[in-house]
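Heads up, the thing below is written out as structure tokens.
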């Protein structure tokens, strides 16, 4: 099966910042992404879990975004302006995709 | 009923004991948890019910000139209390201005569950209150955030408020639900209430028990996680600030000439600290402030204090002051 | 009670106002949301309750020759309405045959929440209806899908139905719950109802309020997302088609000699459009059809129209026609 | 009422029919599912309600010397039954010692939903039982796990119990909720119950219906998935072991001089098998044991057997033995 | 710690197609996979979120599937026949696994 | 945008073992990780789904952990002692991260 090289960007970000991030992505022309719920985690700011939580503070989201290689920098710039002052992680992996025309 | 009887009666009510159960379970590291979706569902239910019943009460009792005064007083209180909290924090603790401002925002705002528990205590004591106190609660949610941002801006650290943040604060879930259901209750009145009373009135106390069980679990987990944070000065603040806030609430109630019930609720609003809406706003507006400080204080110290000792005290004081 | 009074009474009921609250909150971009699990939980509750109560009513009233006729009429209606909808769409809009067929499937099928709101309007007007109308609703869920697939196949585009899809359509959650709880209600009768009435009868209207709040939120978000889609022709279809469907329902009710209540419910079934089961089936069977067209029309236009203006109109017309 | 009448009345109750509906839907591969969060929410509700009501009953009836005896008897039963189950399994099946021990743990422990269904059958028959039977249920949850681990250790395969596992077993969610709400009910008594009865008493049977619907769905999916596992010997065990367990429960009830109601509940506890707490403990302590064996047996065979035929049998036997 | 090369395939697909996909995978001999819930996303067919949704239409799932390199083509062929006419994304990454005997 | 090489480790493990795994990670000095909920899956021990489940048995979690390359072995050792006797999958991918100072 024919595959095509691309980049998989995974951004783990505070739930409160999700809309700001996706708005920034869309504005930068990155209109394909998927948001996964996050159950808990740990980092420099301590350990947390969503169990029983009502407030949106203290929750995170994982945004997965597959882009052509040439779009990577635009994406990272857009993401960085949102993530900059906030906790969270940005991680890029090489990947291969089917149906390259979709990206 | 003496203050002691009152306090004991309150301590041994199912809702307080449910909170204690959750707290104990979490501190003992039991894996008991309530799913996030269920907790959110219960909080939506509680907000809808409390708003609706407040609106119906206004529909039944008719509009009241004091409502406007109370709304203004609530907004002023919410704006002003963060300054008091900030000063107190600077005296009692070594928090940075940023962290102190973030904490202060929480104490200017309110906790609707404390408010609800307050109305339960009122009911148990056979007192009534004005239905529109719910609207006052809604009005007090947000202004404190602005004061905190102003406190931070003064020290040159803040981030400008953007339109998104404005909308998020003013249209956050609790405010929309509380005000929305208040208006629906107001419009539909007793007729509307009769249609849904079996849902929003009868099971209310029971849902509140399970919700407080959940809050106990969350508070207990938070306390365990943030042991290191709770220095004596901070702990003292978490116990003293509610008294300061309630005093301010009492003044507001007296100035407005409210009855014992509403004055007590004003005290509760002043005394209580937000742990849902304000923390979320702080994560956006002041991301560098340490969330475990404000969450632990608000949910782990002040909330249980208000729930157990605060409420009976506020009731006794309000009765004394108003002669009610 | 004049039509106007009726319409106004309906508009100012807690359930309609809750929907309006959700709609307004979503359009104003409030972050208020109800968790998916809670929304699904409420829909399961509503389906179980409505099915059960229908079954009990049949148990109490005894079987009725008209039931069979009504089931057949329902199936025929669900098969036939997509053809009417398809023609109307070809006249009013420029949708491709594929999109038109997908939309048509929704209007042949039904919305159970509209049905439930219809029964509330009936109750408020002091009318009763036959318990087995719930079974008619269940029967009308699926046939429209076949008509739509046939319409597509005619234009040479469709995909063959596979066994999986058949099962998914016929055993989808709403049908299974509705028919299953109907049968349980039928078997256990008044005794069974007495045991669980405090769960499925008393709080029903209140749960419906919260569910409609959620539907308002979802509809509002959909409308915001799909602004571009709502061309005038499509909008017109979303308002005219329910009238066509309700007329067909009225004919069915009259031919079967049903009373004012059941005839009105038949009109509601004809008028309402699916937004749960049919969209899911379309994603499998006609994946190339644009979901934002059919979802926006069904949930964003026809549902609110039926809820607010449609129901009082159908009631008035049904009373006029049946003299009830 | 003859045994047959009783069995039929039980089979045609809404809760059993709801279970049957779920089972049928899952076996027919309907996509009907109840969200995990809603299922957990309902189980929390049921545990809280049953514990609370038990505590109130003790508060009202006063403490009772037999309570201590019953708690001890429950613990002994839970310790002892796994040995009986293990021997029976070695005779009837070819399970490895490891799998047999894991299954045995489930049958020494209890199913609280079976217990609840048992109280419903009692109520329908007009009998009462002692409130503290809930505490006996809680006590019986965990000891069986130790017996199973001992059985495994004997064959040289087990893993040592670590402190974490101890805590997980003793403070698992069901035990904490059951015991906690029992204590709350005991403390607050009739007053406390009056405040929340509209939540934990009236809708209880209805919630139980939906919960059993969910259990039917889960059991049905499990049976479909694990067809291969259910050899005749294993099936026989799943039907015979509850009779053995109930006989042991009957002996305990008679020795303690309990009434017909409490004796029947003791039989139910002996007969029922865990499918929530014990499977979770087994995944940690005996990860090599095959979960589809113990889950299928407990939830897919023994639970439906107890629910449908077991309960009326245990009631009839208990009445006969106690003359109640 | 000894690791072994493998492929990590991530398929983001409509919830309605999940069972068809996993059935196809199992039929093709791929019996190891994990399904993650998806909260929302954006693509050529617009932005969406699961909040408050009742219908299964309009939801997606992420299916993660780790396979030996030699099984990749079978997997992609099986996935492609299901995904073909539907929206969704297929993305392949090189990875290393522990306990290779499990794959 | 400047990125830095790192390793992305994904551990799919039984929900009952989650706390044991994260405790082991923290003990080994790995304090950054994110836990994702899992909806269902399939493996040598059969197919499963969380729908309607109450027991914690039979559920899994995905723990994602991004570390510097030199910390990988410590992480895998810590993870392996927990996963060893249990079902589950450990998979390592090369990646690039922003803000390397956070790892």
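Chains: A, B, C, D, E and F, in written order; residue numbering restarts at 1 for each.
In the analysis below, contacts are C-beta pairs under 8 Å (C-beta built on N, C-alpha and C of every residue); 3 or more make two chains touch, one makes a residue touch a chain.
If you're wondering where the values come from, they're calculated on a predicted model, not measured in any experiment.
Following the contact convention of this document, A is the list of chains adjacent to both subunit E and subunit F. Most remote chain with respect to subunit C, judged by CA-atom centres, is F. Of all residue numbers used at the contact between subunit B and subunit D, under half are used by both chains, marking a mostly different-residue interface. The most distant chain from subunit B is E, comparing centres defined as mean Cα coordinates.
Inter-chain spacing, taken between the CA centroids of subunit D and subunit F, is 34 Å.
Per-chain CA centroids place subunit D at a distance of 38 Å from subunit E. Chain centres here are Cα averages; for subunit C and subunit F they lie 45 Å apart. Looking at subunit A, residues 36-37, 47, 49, 56, 93-94 sit in touch with two or more other chains. Taken residue by residue, subunit D touches two or more other chains at 31, 33-38, 40-41, 202-203, whereas all remaining positions touch fewer. Chain pairs that touch one another: A-B, A-E, A-F, B-C, B-D, C-D, C-E, D-F, E-F.
Listed in rising order, the residues of subunit F touching subunit E in the complex are 10, 12, 36-44, 47, 49, 60, 62, 73, 76-77, 79-80, 83, 89-94. By the touch criterion stated above, subunit C contacts subunit E in their complex at residues 33-36, 39-40, 43, 159, 164, 214, 217-218, 221, 225-226, 275-277, 279-280, 282-284, 287-288, 290-292, 295. Of all the residues in subunit E, the ones that touch subunit C in their complex are 14, 16-17, 19-20, 45-58, 85-87. On subunit B, the positions that touch subunit D within their shared complex are 12-14, 17-18, 21, 24-25, 28-38, 41, 202-207, 209-210, 213. Residue ranges on subunit A touching subunit E, taken from their complex, read 1, 3, 6, 8, 22, 25-26, 31-37, 61, 64, 66, 93-99, 102.
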